[in-house]
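Just passing along the structure, written as structure tokens.
To keep things simple, chains are lettered A, B, C, D, E and F as they appear, and every chain counts its residues starting from 1.
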Amino acid sequence: MKFGLMINEGPYTHQASDSAYQFALAALAKGHEIERVFFYHDGVNNATKLTEPPQDDRHIVNRWSKLGADHGIDLVVCVAAALRRGIREENLAKGFRISGLGQLVESGMQADRLLVFGD
Amino acid sequence: MTDFEDYGDIPAKRFMFVNRKAPYGTVYALEGLEVVLISAAFDQDVCIAFMDDGVFQLVKGQETQTVGMKNFSPTFRALEGYDIEKLYVERESLALRGLSEADLLVPVQVMDSAELGALMAEQDVVISF
Amino acid sequence: MLHIVNKSPYERNTLESCLRLARKGSKVLLIEDAVTAAVRGGDFAAKLGAAMELMEIYALVPDLAARGLKDRVLPGVRLVDYGGFVDLAAENKPVQSWL
Amino acid sequence: MLHIVNKSPYERNTLESCLRLARKGSKVLLIEDAVTAAVRGGDFAAKLGAAMELMEIYALVPDLAARGLKDRVLPGVRLVDYGGFVDLAAENKPVQSWL
Amino acid sequence: MTDFEDYGDIPAKRFMFVNRKAPYGTVYALEGLEVVLISAAFDQDVCIAFMDDGVFQLVKGQETQTVGMKNFSPTFRALEGYDIEKLYVERESLALRGLSEADLLVPVQVMDSAELGALMAEQDVVISF
Amino acid sequence: MKFGLMINEGPYTHQASDSAYQFALAALAKGHEIERVFFYHDGVNNATKLTEPPQDDRHIVNRWSKLGADHGIDLVVCVAAALRRGIREENLAKGFRISGLGQLVESGMQADRLLVFGD
């Protein structure tokens, strides 16, 4: 089955990005496909390459970059939400791309299920 | 508006956007509305539900000069021009907050929790803001 | 003591917790989404009315105006602008923001 | 239909709103801070018990474990891991996250 | 720990940190605890109040491996070493959530809302997380 | 009177930064002093110079930079919170400085009132 995910909160502050990641791992392990993860609202803050968490903590940004690369997942950051929050090409982490809100609606149309993770 | 790809071969899906938050205290109402507007370009079957504090988004007479923020409530009046005409409001949420249909800035369909719950269950995609 | 609450009592337990702990003679200022608590005829208005017997309840007019609620305020709620907010913070101690 | 709730019912109105709208036969999955709703002896447990007559209530074990609540769950609440979460999402439509 | 300036001439203030949020769902509990730890270096009169969902921060037996997050609850046991010994828990918050003092991982002083409210009113600085 | 402010949420997403700004303006107009604004939790996101809101909206970041410069307000971003969220010297807006949590405690000690704005 094809899942689309939407993440609406930034890393560390809310568990949303963690829950979505664990869901994605479990879905992939069961042979499902994650076709796209769409980052909206403060969720765009998952895409900054400047993040540097304490050494004994998980690296939420790099984790998404790696998962995206390993499984061909489209990691899309909403451009309007990103500009409001200081995420641009110059601080964008590997594997993410900036695009429009249409990509979210498209995910709703094309995925079998669109799951939202937020506050 | 951007040129989107041709989705002619995919049957339209039923999208419901659920608004549960008051405006201005957080950005969810404003950025939620931006999703609704974009969705209009995709010829899907779109409706919007307002419940809980989301009903405050539709209250008439919003004046935001003194908080220094943009008043986005007039955009709700523009939704008709985007062919988004299904606006549902939960009756219980209005009543609990001392509001009535006459206080709202656009025509809506007021329904009770059971009706709104039934409609929600019929959707393909539900996104809550 | 000044208590500041910024969340709607219909969404969160913040204002209820504040009123449970606030002592007689305290001041409570409603800002941001918490101004929804002061709407006349709303379910929370009765609780706010009861609290007013013991303490002074204030609401921030700019936040009421933004939400179209300026003319719907429960009688007895005292209205302040940002200047009044500053005065309340200066005149009372401590100040607790209920987050 | 699958309803997903992630907020504590002691802090927010989310779970109550979900239960008000959810139809008979729906499934409700508690994740993140919402797992606190499932604690035996808690004030919300009675409401959850009543809801269980009409729908299936699930709670995510990893979130219960993180909060030290794994062994305190109200009987009748069905326990799932992330794999079970995926199955619920795959088997039910639509899926609504109550944010 | 960083070398701080000498504040010897300023009388110590009473600081209360109020914890009202459950752990892990949001970062407030963890980052709040970081503030508490730093405050210990300033020789102020510090206390911590746990109420509402904040009482969940102190529940025994937290196991975070499966959510992939760091279990920071052992840090509460280390507070004594920082001379932070005034931990207050609101009785009503515990009871409402089906918890009792025996479920908590550190010794605390349980008090009712009125007592906690009175203590709060005596502080110089109150910061809520 | 000397006020210290603490801002715990990012710009645009929550009203916290707006309320704090309006409070600061009103306090300064009444002759009070704002000695420091301490940015914690997601509040550190108020300090990125990459923010670019829609043209008809307020620019929350630049507004703080200007207020700080005009009135000699110390704008302090918590280093630990900032690293978790991708705020560093390289994307720090004018007038902000990155420092430790001790600066918050110090503000509580030195200001007549410490006011917190958050979620």
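Note that a residue touches a chain if its C-beta (ideal position, glycine included) is under 8 Å from a C-beta of that chain, and two chains touch if they have at least 3 such contacts.
Just so we're clear, the structure is a prediction, and the values are computed from it rather than from any experiment.
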Neighbouring chains common to chain A and chain F, by label: B, E
Third chains touching both chain E and chain A: D, F
Pair joined by the larger number of C-beta contacts - B-C, A-B: B-C
Distance between the centres, which are taken as Cα means, of chain D and chain B, whole angstrom: 26
Distance from the mean Cα position of chain F to that of chain B, given in whole angstrom: 33
For chain A, residues that touch 2 or more chains besides their own: 12-13, 15, 22, 41, 80, 84, 114, 116, 118
Sites on chain B at which at least two other chains make contact: 20, 24-28, 52, 67, 69, 124-125, 128
Multi-partner residues of chain C (at least 2 other chains): 6, 10-11, 13, 32-33, 62, 81-82, 93-95, 97, 99
Complete list of chain pairs which touch one another: A-B, A-D, A-E, A-F, B-C, B-D, B-F, C-D, C-E, C-F, D-E, E-F
Complex interface listing, chain F residues touching chain C: 1, 3, 8, 15-16, 19, 22-23, 25-27, 29-30, 32, 112-119
List of chain E residues in touch with chain A within their complex: 24-27, 67-70
Chain D-facing residues of chain C, complex: 10-13
Residues on chain A engaged by chain E in the complex (per definition of touch): 12-15, 18, 21-22, 56-58
Residues of chain E defined as touching chain D within the complex: 21-26, 52-53, 56, 59-67, 69, 71, 73, 96-99, 103
